[in-house]
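Each chain carries a letter (A, B, C and D) given by its place in the written order, and its residues are counted from 1.
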Amino acid sequence: MIIILLLWEISTIAFHVDSKVLPSFTDILSAFQNKFIPIILPDLLITMKNLVLGYVIAVPLGILIAAICAQSQTLVKIATPLIIMTLVTPVIIIVPILIPFIGFDAKIKVLVVILQTAPIIILNSLVGFTNVKQEKLDLMKSYGASRFEIFRKITFMDALPRVFAGLELGCILSTIGAVSGDIAVGDGGIGTRIQMAASTLATDTVFASILSTCLLAIILFQVVVWIERNVIAWK
Amino acid sequence: MKRKISSFLLPAAAVIILFILWEISISIFAIPAWKLSRPTEIAMALFRDYKEILPAVFYTYTNVIIGFVLAMTVGLSLGSFINGNKLAGVTLTPYVNLLCTIPLITIVPLLMLWFGIGRPIIILTIVIQSFPIMNFNCCVAFANVDPLRLELMDSFKVGKLKRLYYCILPDAIPGVFTGIKLSAILSILSSITAEMTGGNQGLGAQINVFVAFLKMPQAMACIFYIALLGLVLYYSISHIEARIMKTRNNEGEQAS
Amino acid sequence: MLDNFFLLENIQKSVYTNEGKTIRVLDQVDINVENHEFICIMGPSGCGKSLLLRIMGGIDNMSGGKISFKGNVYEDGIDKQTKSDFGYVFQHDNLLDWRTVYQNVHLPLEFDKKSNTKKTDERERILNVLKLVGLDAYEKSYPRELSGGMRQRTAIARALVHNPSILLLDQPFGALDAITRKILSYELLKIWHREQKTVIMVTNNIEEALLLSNKIYVLSRKPSNVTHIIDVPFTYDERWTNLLEHPEYEAVTEELTGYLSERSEHENAHESQDNHSTVKSLDHYLASLGDIDHRVSC
Amino acid sequence: MEMTKTKPFITLEHVNKEFVTKNKTTRALSDVSLEVSKGEFLVIVGASGCGKSTIIRLIDDIIKPTSGTIQVDGFEYDNTKPISKDFISRMGFVFQIPNLYPWLTVRENLLLPLKLLNINTKEHVEYAEYLLDMVHLQNYAGAYPNEISGGMAQRLGVIRAMVHKPEILMMDEPYGALDELTREQMDIELLDLWKQLGTTIIFITHDVEEAVLVGSRIYVMKSDPGRIVADVPIEFGTNRTINNKFTHQFSVYCDQITELIGEIDLSKIK
């Protein structure tokens, strides 16, 4: 890591590259110092608000939908292609269509995050709910447990590792959703900040905001991993 | 054979019902055309304006395929390289895993700055966004190969290459395919987003144009094409995986 | 009709393989179980003995026949209410990895609506049953931290905690090594005696069956029915001595081994002139059962 | 085929083996010495955890000893580098779980060792077909491991370790997972193969009866720390059948060995 940074520093100075094209590392650091608080932070917070809000809604929503679909095989067959379709279509293109319905405020960005995150959570949880070991289900039959009891006591717990894999992927997609939501809708958010800075060739702010978004994404991801490690303590 | 048909007919029927519901709900709630167009209008747009849409479709599809194949090869080779020697493993893995979690859409404006607008930066975005997830899944798959099978290799003192070919690669197929599916999804995502933010051609850009001119049906038609690409890619990959896996008792499809 | 404790009359069961074929596994099985009796069910692999046990426990339903238990008759398997009077132990312990030993043993009580025992009674009962199997010190540990023998003991404790009158064991020690298997079978003998339970056990270990049971039902090959019933001539105290020296031990062992491999001689008669010893043709017969065996779990 | 007292074919002298895990080091083997003469059917029996599987993994050079020397047919193992490839081809290893590759057919699994040791002569491939026929798997040759039963998979595991005609065959509780009846047939079948091929076999089991049935000599081991406590020769000659089990001599041997392993004290349970 340090080697790369050193190389970067030397190359920019040695070839005295125009700071507009590739700012040296120290430029970026200075950009961080003076520009972080006034410019980058507020936008970062807006995006983070949408991101976290969207994610927190998408998680229970996704698991709930997966639980409902898992109840019958036909439902699973019908739901899977639909889920894949929503998963694959980048939500950013639906934004211009949603705007006439919802209008321009932040709600739409949260919706973008939800629509981007929920499908992968549903897909993973669905796979988890439909692949429970037969022996565990037999155990429940020996107690004459009802369908709901079986789900609550066995299926959900047995599928937890798969569900969390979905949550991790969801976290990645939600950050993508949040940033693309900013770019598509505009009006605040780190995405627009980067775009504007790039258009005004303020490359050091571009780099600084990119690094801060990446930092935000990494922190959120580690939070999800940390929660998983505590919840699935028995592994 | 019966199971095959029902597993295809059912979802198709569901989609058709969805379209019909969509159609009826528009007429009931009398939603103005510029807000939401009817499926019939979209279908017409598909046929009438194919001259306008097709070049964009062709442009995006080629980008996605090239980017996806590149990302896959880079991910797979990096994965086997990391699995190969320990040093590379220790130094590279943390960074590649971090790359997975970073929304690389942010670098599109930067790339535009450096390379201007056009096909190269879109393909570059696709590769950068999709190869880490592929590499991550490959590394995980290569790492937890069944130790017993490795022990069989040890008992014959087999070289690294043979070990990879006979034991590690075949055993890791489920994990590798999960990686392939995920990078396919991310490739499409990143290509459209790149086109919308930085490109001037391709479906992403075309949608911007259509929306600007309030030609909703055409915009929806483009979305249809993207969804179609996604479905085709996803199901063809699962089909290939199923055929390879038919020889083993695989534990069902999972996107880890 | 005298009020028998637990009676199975001509139980039939056929299974549908995914190629659409239907295979008759249980032809007409009749089993009569007295209260406080220890019954073993044996038979060649693939004869459906585990399937029979699953039907008794209400896990699989039967294609025909009648089950009567404590006087009332059940046409298609015991109902939910009576299931709380049964305890089932699986071959691979089947513990829930996300629960501690205490919570695993607590599981059956969560389905026992009728007994509104308070929290403290439940805890006391669980600790008793854990002490019975010698695991009272492992209350808080997770299944992954336990050895094979200890996991199986937890499964037995779980099957005892709601005080069922019948215990159903499906090859409980099949997956354990010989030494642990011997220790656990003696412990099971003690539990059966002290708790006055009725036990029905499926096994293919001859020594184990002779040590534990009063009566052994031998099933034939598919479609199976009861071909022999052996009364095991050892009293409870004799079982704690070295049975090898027991006068009738060798006779009853030979009788049982004869019945179990009986069907094979019958097959050899019209087997092709195979120059290998008879063992090979029995082996051949087993091999042909291989693929069916794969789908029907017994 | 009477075994003359030749120079010991395989010897272990004062071998110790410790496994270091993050919180404790376990002494799997402490000061173990044993000899195996050529063509002998040696059985090692003992409770789980007495290090019997470790011994054969040392001989097959899968793991290295902490101290002590291992010698096979005059060649002493160097504790730093693995033994040579052609030496490896003289040894076969049978795992407790058949350990077949599910993506290869039965025949491909069988031929895998030939590919790994690149000895792919026509004669070896023919020999593989002969082995398939001997264990009744020839009409399953095209099938995949998940389509055959446990017994068949186990038999495939055994012949796979013999396809390259090893002089030494090491078997780690190969029939542990099978039910009693099938296990007895496998034992008898193994004796047939041993008689025909004259391979030196080291057979690991925790079942005393199986040990006495097949073994021409039995090492009894105890655990923590893993050590050999007795060396019991079995005089049943080479052509044995199931009815050897019912002879009086058989139960005498069984008692003797169970005694050595340490009887379970029933009073504690009662």
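Note that a residue touches a chain if its C-beta (ideal position, glycine included) is under 8 Å from a C-beta of that chain, and two chains touch if they have at least 3 such contacts.
This one's a predicted model, so the numbers in the text were calculated from it and none came from an experiment.
Looking at the partners of chain A and chain B together, they share no chain. Which two chains touch most often is answered by the contact tally, and the pair is A-B.
For chain D, the chain whose average C-alpha position is most distant is A. Taking the mean of the C-alpha atoms as each chain's centre, chain B and chain C sit 51 Å apart. If you average the Cα atoms of chain C and of chain D, the two centres end up 32 Å apart. Shared interface positions of chain A, i.e. residues touching 2 or more other chains, are not present.
Within chain D, contacts with two or more other chains are made by residues 146.
Chain contacts here close into one cycle, and each chain has exactly two touching partners. Looking at which chains touch one another, you get A-B, A-C, B-D, C-D. Of all residues in chain D, those touching chain B in their complex are 60-62, 82-83, 85, 88, 93, 95, 97, 99, 101-103, 105, 112-113, 115-117, 144, 146. Across the complex, chain D is touched by residues 44-45, 174-175, 177-180, 182-183, 186-187, 190, 204-206, 240, 244, 250, 254, 260-261, 277, 279-280, 282-284, 286-287, 289-291, 293-294 of chain C. Contact residues of chain A toward chain C in the complex are 135-136, 138-139, 141-145, 149, 153-154, 157, 160, 232, 234-235. Looking at the complex, you find that chain C touches chain A at residues 54, 57-59, 79-81, 83-84, 86, 88, 90, 92, 94, 96-99, 107-108, 110-111, 142-144. Remark: chain D residues 47-48, 136-137, 140, 146-149, 151-152, 176-177, 179-182, 185, 188-189, 206-208, 241-242, 246, 251, 255, 261, 264, 266, 269-270 touch chain C in the complex.
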